[in-house]
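A quick write-up on the structure given underneath.
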Amino acid sequence: MDTSAKNSVITRSDLPLRVINSTPETIARAQKKVRRSFRQIRTETVFRRTLTIMGLIMIILVLGILLTLIIQSLPSIKSLGLKYLWGKVWDPVQDIYGAWPFLLGTLLSSFLALLISIPFSLAVAIFLGEYFPKGWMPDFLKNAVELIAAVPSVIYGFWGLAVLVPIVRNLENHIGVEPVGVGIFSSSLILAIMIIPYAASLGRSMIQMVPSPLKEAAYGLGATRWEVIRSVVLPYTKSGLFAGVLLSLGRALGETMAVTMVIGNTSLIPKNIFAPGNTMASVIANEFTEADKPVYLSALIELGLVLFLVTVVINLIGKKIIDRFTQ
Amino acid sequence: MAQIETELQLLKVEAVNMWTLVNSQLSKARLAFLNFDKDLAREVVTKEKRVNGSELKIDRDCENIFALFCPVAIDLRFLLAVLKINSNLERIGDIAEGIAKYIIDAEAPFTKELLDVTRILPMYEESVKMLEDTQEAFEKEDTILARSVFKKDDFLDDINRQAHKVLEHHLKDHPEDTSQALWLLSIIRKLERVGDQAKNVAEEIIFYLEAKVLKHKNKFV
Amino acid sequence: MESTIIKSRNFNASFGSNHVVKNVNIDIPRNHVIAVMGPSGCGKTTYLRCINRMHELIPGATSEGEMTINNENIYDMHPIFVRQKIGMVFQRPNPFPNLSIYDNVIAGYKLNGIKLPKAERDRIVEHSLTRVALWKEVKDSLNKKGSFLSGGQQQRLCIARAVAMEPEVLLFDEPTSALDPISTSTVEELFHELKANYTLIIVTHNMQQAARVSDKTAFFYLGELVEYDETKIMFTNPKDNRTQNYITGRFS
Amino acid sequence: MDGKNIKYRIGKSYVAQIVTTIFAFACVIPLLFILGFIIKAGITKINWHFLVSIPKPVGESGGGIVNALVGSILIIFCASLIAIPIGILAGIYLSENGKTRLAYWCRLCVDILQGVPSIVIGIIAYFWLVKPLGGFSALSGSVALAIMMLPIVIRSTEETLKLLPSSLQEAAFALGMPFHRVMFKVVVPVGISGILSGVMLAIARITGETAPLLFTAFGNPYLSFNITKPMQSLPHLIYDYATSPYDDWKNLAWGASVILLLWVLLLNIFTKLITRKWKVQL
Amino acid sequence: MAQIETELQLLKVEAVNMWTLVNSQLSKARLAFLNFDKDLAREVVTKEKRVNGSELKIDRDCENIFALFCPVAIDLRFLLAVLKINSNLERIGDIAEGIAKYIIDAEAPFTKELLDVTRILPMYEESVKMLEDTQEAFEKEDTILARSVFKKDDFLDDINRQAHKVLEHHLKDHPEDTSQALWLLSIIRKLERVGDQAKNVAEEIIFYLEAKVLKHKNKFV
Amino acid sequence: MESTIIKSRNFNASFGSNHVVKNVNIDIPRNHVIAVMGPSGCGKTTYLRCINRMHELIPGATSEGEMTINNENIYDMHPIFVRQKIGMVFQRPNPFPNLSIYDNVIAGYKLNGIKLPKAERDRIVEHSLTRVALWKEVKDSLNKKGSFLSGGQQQRLCIARAVAMEPEVLLFDEPTSALDPISTSTVEELFHELKANYTLIIVTHNMQQAARVSDKTAFFYLGELVEYDETKIMFTNPKDNRTQNYITGRFS
């Protein structure tokens, strides 16, 4: 829409028609009104430009992030090349930088967490979305799940360190692996709890979006409640539920503090899921301020770049699925 | 008030006007007949155009209401009744005109004796009365009054049925009255129709108000 | 012979303390089209949903009184049986979006876990789609999703889905209020053909539709059944003043 | 369709419902554990002194967290100042120009931003602010947190405005209102509860963030009001002291955890209240 | 096909049947008149009930279609036309009955001379023909045929207008024919009505097909 | 004297390459009620929205040709002025939910930043609400939110809001399709009263409504203006076969 007022001259056609044949004072009043309207029209243009600039800022921001990461990790990319990714040893003291232990640690802890959390988040989603959308009990559950998401990750880490790690150590004693307590398994447990709300609340809203006529159609054909859920609700929402899982995964991959506090922070390749390890995020958190050599710092930033790319891709896929679902 | 109600109200007014007009035509034709007043008769013939115009207007209004408002139940019955009453009234107007034309064509005033034997004067009065009664019944939505019309029609029918015999008898003694007798027979036949039409109108009024189809009932039951 | 298929005696339905269907007595004859009309919120939908026990799916909804199908009390049967016998079609066409047209038609069997040989399934699909005058239009795209169909076709697909279960009664809740006039007329024409095999009960806001498609009409007002009669009589000579006022558009 | 089959199906339905319920409520157990433990461990440490004094050095018991409290408040306040206006305006932009190419890229970027791990944002803030300005500062922490807030505010604004019926805007346009007035006088006021809840959510989320502060605000054992200098914050303090080997410091961390938890909890409750109160019935 | 189309189709069939019935009544009355066949005349009187029944049925059907289908445009005009045609046909049926009754009441066969001077036989034939033409025009939706009816009506009117003079003249010479002349006059007056009714019907057909209101037009323009 | 207020000459409108209003020529007389009807998607709404330049709010929407009000080209004026002169009422009642009834009525002034003395505002509110026959019903609850009103009342409130700006023309896009029959009839009755002061253009799906409320009717088909005539004539003797088929419910 062309909103620029061509000029501020008030023409006959700008006046309200009912005014044209009236007394001079009503015409003057109307002209005043019209002049104000011209001011409004100019403000409108300024406002639209401002909005567009805000939109642009977001793009610049993201491009800036990407560029910064790339530029800052250039030294490491140049000196280490691609084999950096599967280099098995990380030893800053000897200037050996291999990211494989952290990649493995990240993947292991995240997928394990995902595996543990899925049944619970799905159950919450179905319970809240379909079985009991209203009432005090589901309200309680809903708020509780929201609270899980709200608790800061550093508190999970702290609790994990203080409570969970000793329990896991006991467990490890029982099953006969090296009883360190801290390690991939502990961090997966913590992560699993932390990511339940993401898949659950997304799943719940997806399930609630299933049009009730659709469900009623199934009831109308004589289906039981479970059959309605299995044959109508779940198929209808499956892509949405998958997107919820993806978003949880993205969250697990990027989670820093809780993991840092319970994973053990060793640069060795984890031998099993109980072994201590390190994730990309936690290694950055631990070593960033200590990185004294340019390559060391750059190698850490390259880790950040990889983390950035992985999480971005996963998140984007999840978002696309949700967008498609909601349309 | 819903738009259709306004329209139906207007239609009713129109119908009542038509009634009044037709009534005045019939009464004037009667006066012309009584006083053998050819001028008045000519006026009746001229005014027939007005009746026709009125009929057309009501017909068109009914059609528009049907098309625009989709009437049902009592509204529908009212409209259908008005449609039928309208054409009946127009026919009565035609009859008044016909009688007027006869009077114009007739050569001489009718003899008192002939009028007496045929009982045409009470017949005429009664038919005018019937028409008035139906109008009142319609305006006041009075089915009792409408029903009263039926009995009066029997009276007309009786005179109509006797007419042939009476005239034949009269002509035997007064062959000079042939022309007059022929006119009177025509008029009596017409008046009988007025009675029938009035009865039809009364039936339509009852149909609209009570949703009973009376037509052809009293004849066979 | 005209026989009664659905019968209510002193039937009541409530949402919690909100008494929305009051003492309804009605006899619905077999193989007829019954229209249910009345002002908004008078309980038409609620009554309809009581017939195949969909009402009780709403939390807090209760009902009492007698409601029978073929003289068996519906409320003594298991709702699943009831719903298989009494199909339902909703306001907006709602084919299952994740299923193909074919699967939509036999969804009732699939949902109920009834396994049929392929030939039998094909027969049911063709038969049901033919019944709703959709077979010719879709027989070459049975494996496509139903969502590419037009509104009227989708609604006919939903009717086919209900018909496939071979119900005795079909309930329709404002089946055309989400359709444009052309689709509406395709669906309305269908009613006449369906009534040879089923009993149709149609809730509609649209008086003209009730007039056009039904044999008998029930008029609800404030939860009561005010009048129930031949459609012709309802529209030419209703007995109750409330009916008359409603159909002639005079509202008090 | 025999009765046995039906009974079996109904039974299955019930079993499924029970299993679902059990799994759903199982999630609550760890939460209760965590909350219970933290409150038990931390509540006794909290007193007035705890709230108004700065931490004591190693070996001295007592001490408080006033520096972290003040720091958190300041950092969050500055982050909000940056993120809320930009976020709301960008949200309006996205909801109004939904289909243009620029909006497509903009939305994509917001989605990307939402997925960026917090630690990466920390890195970015480090390079954009800490290095050029020559030192850690609360301000750089605020910027990092603002970047984290942005996508939440933008998306909640956009979603809220999109959910409003387009008839609302059309009604306003049809009265001859200019675009900015339509937005600020009609659309935003009607959607204010959604926008506000997005803002509160964003604040609640950054309140607990530690990673981006690690190499921006850095932490500071002393009370400081200068946003161009390093500053302590609650989560950072918890992280530092929780991973320290000293019991006094750990106790301090437990206390701080309870405070942080209460803070987040109050924010959540506050959000709920606000959205309920401001919710406009459409 | 839309439901209303089916209904209108059925209505048309019904109307055509009525037409055929009325036509047969009129023709039978004619035969009875020609052959002075009182039995046939009595049959006509009895069958009049059928005509009435048919009229009632068509009226009721029209009412139902109005109430249920809310017809507009051509459908509406068709229905209105059928409504009017229906009552015109019923009137023609009445007239046939009336003629039959006259024949029953008449004492002796009509003399050839009287028949010739009044030209009643061609008049009768023509009116039957008019009715047949309208029926065909209705069935075939043929407005040209319908229009042709108007000319024929002039012929009837002419005979009707002459009737009084002719009969008066005749009676002067043959006073013994009085009774017969009176009957013939009644019949002629009735046949004139048949012509009018047929003309009305033709007008309705044209109205429905072309939406032109012809009524009262040719008379005054 | 009947004078033309809105006039289109060879008016066209498109959504991108989708040409939805084709060469429309129409003369709309002052102080009349004009109904616009036609099958779904024939461009009725689009044409209506072109009249007060709401069409161009949709990205990619274009229009060309002449459209005048009182012989001045609407497309030479600024849309803000056009919209103040030509009010619009939408399908669903959409009072501003955050404003009271009072504020809703003067929203056109208040939200445009036009300051009026209190007395003047009171006068406008009372006058507008009286015009739409709502004053009596709401005069004691002017400070309540509009959402507690019934559908018909809300729609009348929206009309009052448009009327308060003293427009010359009021556009209605299916103004009653979201209302129940009772509310519909209250709104329809209003049209007759409004036409004394305004020119009303009403898009409607409901043929019967067009018949009931309008003086003239325009029939659109596939973007063309097929026929435009007195409503009475349209419904008793339409000239175009497409019109006849549409209004008699025979669709090809």
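Descriptive notes on the structure:
Chains here go by letter, A, B, C, D, E and F, matching the order in which they are written, and residues are numbered from 1 within each.
The definition used in the following text is that a residue touches a chain if its C-beta (ideal position, glycine included) is under 8 Å from a C-beta of that chain, and two chains touch if they have at least 3 such contacts.
Being a predicted model, the structure only gives us computed values, none of them experimental.
Note on connectivity: the fewest steps through touching chains from chain A to chain E is 2. Residue numbering at the chain B/chain E interface overlaps substantially, since over half of the positions present are found in both copies.
Ranking D-F and C-E by contacting C-beta pairs places D-F first. Averaged Cα coordinates give chain A a centre that lies 46 Å from the centre of chain F.
Chain D and chain E have Cα centroids lying 92 Å from one another.
If you average the Cα atoms of chain B and of chain E, the two centres end up 20 Å apart. With each centre defined as the average position of its C-alpha atoms, the distance from chain B to chain C rounds to 52 Å.
Multi-chain contact residues of chain B, defined as those touching 2 or more other chains: 2, 4, 63, 67, 70-73, 76-77.
Annotation for chain D: residues 9-10, 97, 176, 178, 181 touch two or more other chains.
In chain C, the positions touching at least two other chains are 80-81, 84, 112-113, 185, 207-208, 211, 235-236, 249. The set of touching chain pairs reads A-C, A-D, A-F, B-C, B-E, B-F, C-D, C-E, C-F, D-F, E-F, using the touch definition from the header. Residue ranges on chain A touching chain F, taken from their complex, read 1, 5, 12-14, 16-18, 33-34, 36-37, 40-41. By the touch criterion given at the top, residues 207-208, 211, 235-238, 243-244, 247-250 of chain C touch chain B in their complex.
Contacts from chain F toward chain B in the complex involve residues 185, 188-189, 192, 208, 211-213, 231-232, 235-236.
Interface of chain C with chain D (complex): residues 78, 80-81, 84, 112-114. By the touch criterion stated above, chain F contacts chain A in their complex at residues 56-57, 69-70, 72, 76-81, 84-85, 112-114, 166, 168.
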